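Report on the following structure.
Per-chain numbering from 1; labels A, B and C assigned in written order.
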Amino acid sequence: MAVRAYEEAGRPWSGSVRRRLSAAFWRRPWLRAVALLLPPLAWMVVFYLAALAVLFVSAFWSVDSFTGKLTHAWTWSNFDTIIHDSTYHQIAFRTIWMAAAVTVTDAIIAFPFAYYMARVATPRLRTVLFVLVLLPLWSSYLARIYAWRLILNDEGVLNWSLDKLGLPHQNWAFTNTAMWIVFSYIWLPFMILPIYASLERIPDSLLEASRDLGGKSWATFRRVILPLALPGIVAGSIFTFSLTLGDYITPSLVGNVDFIGNVIYRNVLGLTNNLPFAAAYATVPLVVMAVYLALAKRTGAFEAL
Amino acid sequence: MSLGLWTGLVVAFLWIPLVLICVYAFNSSNIQSWPIAGFSTKWFSAAWHNEEARSALLLSLKAAGLATAIALVLGTAAAAAVSRFRFFGRDTITFLLVLPIALPGVVTGIALNSFFTSNPVHGLTPSLWTIVIGHATFCIVVVYNNVVARLRRTQTSLTEASMDLGADGWQTFRFVTFPVISTALIAGGLLAFALSFDEVIVTTFTAGAQNTLPIWILGNLRLGQQLPQVNVVVFFVIVMTVIPVTIAQRLTRDTGILRRR
Amino acid sequence: MRKIRRIHVLVATLAAALCVPASGVSSAQTSPGTLTKMGKLEGALNLIAWEGYTYKQWVQPFTKKTGCKVRAKFGGSSDEMVTLMRTGQYDAVSASGDASLRLILGKDVRSIDPKLVPDFKNFIPALKSPSHNTVKGVHYGISLQWGPNTLMYNTKKVKPKPTSWGLLYSSKYKGKITVPDNPIQIADAALYLSKSKPDLGIKDPYELTEAQFKAAVDLLKKQRPLVKKYWASAGDEIDLFKNGGAWIGASWPYQTNTLQADKAPVKDLIPKEGATGWADTWMISSKAKHPNCAVAWIKWVSTPKVQAQQAIYFGETPANTKACRIMDQLSKGSCAQYHANASAKYFNSIKFWKTPVKDCGNGQSNCVDYARWQQAWTDIKS
């Protein structure tokens, strides 16, 4: 095949359609760029951006509460309710606060683990650890959350173990503490992987140079490793933050309070059929994440995803 | 070494719930409580004969497969364009592709839901294809990131040399570019498949009356009576995926040009 | 040169994409006519049902007989069911009285000729053409079963035996109480208040004036710190009682039956203030893709045998009078236990779910409507 290609090399105008097409593409780089870019771009615009745009527009509509039919009249009432009703403030702040707490917790848990995996473990151990981190992502998210109920229940594994150790019972089932634990657990692999990737990319030569220049291990850590790992940490935090912000399953399974996701879910598929209100409330996590992403972009986190 | 201890604790933290799931697949009672009521393997045959479970598993596999395929094609195309050309709006492409996965799932879910249910012009009703579209949209970025990272480390001179030697575009892709990015495709594809297979929030909004595996599990959590069957299915999935994940991990292990080991 | 082309591409794609949703208008709905005969069976059936309504004991024989493969989605509250029905993706729903009228008015369900169901003539008179599924003589569904919302308690932890709903509102079992996550709970609070605070003048727990509504909501707000978890699905409550999370709560007989089958120490009863309840109707969607399988299903679940099986399994009362005898065959004493042969007096003592509207039955128009109930519930829970 290569020989035949070589023979046809000198004749770009003749030969099969394929060759002519290739030649045309080769001479016009912009055409290649467009051909490569058009399918994914068209997909994203049609199936995502357009849908988001329509959703945002529908936040200004309203719905007949008895029959559930949309009325396309322009109104600010949905946003009015969100801005003025303190219940929705409470829910939003609670969600954001939990997302931040979970992000910090996961960063603290994941960093030493990722460091060990990237720089201390032997290649074989690294493979084992990798598999141990990835496999939970394949097992059902729902089943894992439900298993936590078994652990945190009043007569569950945790209290049973505390009993054996002679420690007092914990009443964590269906509280915010339970949600914090479960959220941190579920999103941990999403924090470990980007941190690992960014730590793994640090060349040994940099660390050697730092030592040669007189930096002790803490200084090296603070001034060389941490800044280089930061994009990875921020990339991981994008996941933990946004996944917590929009989740409604964990709050309904292990918690007893409403999060932003619960309000949105209830208004689309649950309690009421109020898509406009759900869309209006959905602008809250949207705005929060837009700000977060803009800040994250600055730290170069996008390359570390 | 305290780092080692921390690592061990983290692994334990990650795996205790999974161990519980596997142990409770053998629960003799159909309601979960601690300590375990007794041991029995009756749920294995019950799950095997459960037609709903089988069709849910099949649908999940189908949807994940299709979504991954679409993500592979579109993600590679976007990655190739971004890493080989300079053009206006290059950074925006990355931002755009990250959005579906960076914005909360409910937002993506309700956007797609209202798009599919209130616009009969495109003729799409909630079905397998709407599930696939929803999943593919957030899976593209996973493939994209892996391929971009890999392409960044290879030189364009390889493709130029190939073209100089007379290969056309397709041959170049098949014999030069593809082998180079193949490990990135495997890593990205595997992660994309995992994300799609276990996805529940976006799927709830884009599925019609179909049950993917996570939705079937959710239904059983509501019933409260068939939990051991759920555990059996999850146990089965874990066992089935150990081998592909291990193989893929060994294949994609970076030899690390920049690091000594 | 290159720059212009890129922008062209972007603009073109964007323009093309935005045309799609802009031209999409919700299609005019042509309601299908009344179902008067059953055609060829389609081989599949998508149902929205309460947990326990599609147990394999009667689903498997149905599929064998008709070839219709049944898929069921569970709803934890009428609101969920109404919303799911509006997506048009399901064929039939087991709607309670507080969902059925909303579905009828929203044109989400089809009218059906009761002659299609041979067992209809054996139904108790009160459920042949009740106002929650029959409007102006037109039937929009066929009644199924009915039952009360009960008080379930852990016999080992709750002593003495409870007699009043008041236990759910007192701090005696603080942190061990569970109630449904459903705005219609406001009616249960109103029911309790109708007996404990008679000067409020509550006659119908679904028709509340502003003052009565406020009293009920205040009571529920006081209850909030006492509640361990608001259960959203039957599985939630089963898990709570089995694992010591809750000792007492509002429940359905389905949970009690499941827990007792697993040897958990629970019992249920109807307290002295009476109970709210549900009367369910199978309704066929106006957008049903498998209407014939749906009709076959309704016929099947109206037969005495299936009525008996479902009544015993879930713990409710069948609409078919002929089911009583079979119930006693399957499980001795169950006919009386589930009031299948009860008098009209018992039936009338249950305050069945219905959608609260502004128009109070007494000629006035100042009752609180359901949208306010939903809003208040979100406030109570947060």
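Following the convention adopted for this analysis, a contact is a pair of C-beta atoms (placed from the backbone, for glycine too) under 8 Å apart; a residue touches a chain by one contact, two chains touch by 3 or more.
Worth saying up front: this structure is predicted, and the values here are computed from it rather than measured.
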Chain pair with the higher count of C-beta pairs in contact (B-C, A-B): A-B
Far-end chain from chain B, centres as C-alpha averages: C
Cα-centroid distance, chain B relative to chain C, in whole angstrom: 36
Whole-Å gap separating chain A and chain B, where each centre is the average of the chain's CA atoms: 13
For chain A, residues that touch 2 or more chains besides their own: 30, 33, 37, 41, 49-51, 54, 70, 149-150, 153, 155-156, 268-269
Set of chain B residues in contact with two or more other chains: 32-34, 87, 115, 118, 221, 227
For chain C, residues that touch 2 or more chains besides their own: 2, 6, 10, 20-21, 26, 239, 243
Touching residues on chain B, where the partner in the complex is chain A: 1, 3-4, 6-7, 10-11, 13-18, 20-21, 24, 32-35, 73-75, 77-78, 80-81, 84-85, 87, 91, 93-108, 110-115, 118, 133, 136-137, 140-141, 145, 149, 163, 165-171, 191, 194-195, 197-198, 200-201, 204-205, 213-214, 217-218, 221, 227, 230-231, 234, 237-238, 241-242, 245-246, 249-250, 253-254, 256, 258-261
List of chain C residues in touch with chain A within their complex: 1-2, 5-6, 9-10, 13-14, 16-18, 20-21, 26, 77, 79-80, 82-84, 86, 102, 105-107, 175, 183, 227-230, 232, 239, 243-245, 369-371, 374, 377-379, 381-382
Of all residues in chain A, those that touch chain B in their complex: 1-2, 5-9, 18-19, 21-23, 25-26, 29-30, 32-33, 36-37, 39-41, 43-44, 47-52, 54-55, 58, 70, 109-110, 112-113, 115-117, 120, 123, 126-127, 129-144, 146-151, 153, 155-157, 160, 185, 188-189, 200-201, 203-205, 238-239, 242-243, 245-249, 253, 260-261, 264-265, 268-269, 275, 278-279, 282, 285-286, 289, 293, 297, 302-303, 305
List of chain C residues in touch with chain B within their complex: 2-3, 6-7, 10, 20-21, 23-24, 26-27, 46, 51-52, 69, 71-74, 76, 87-90, 233-239, 242-243, 255, 258-259, 262, 264
Parts of chain B lying in touch with chain C, wherever the complex brings them together: 29-34, 51-52, 87-89, 115, 117-122, 125-126, 208-209, 211, 219-225, 227
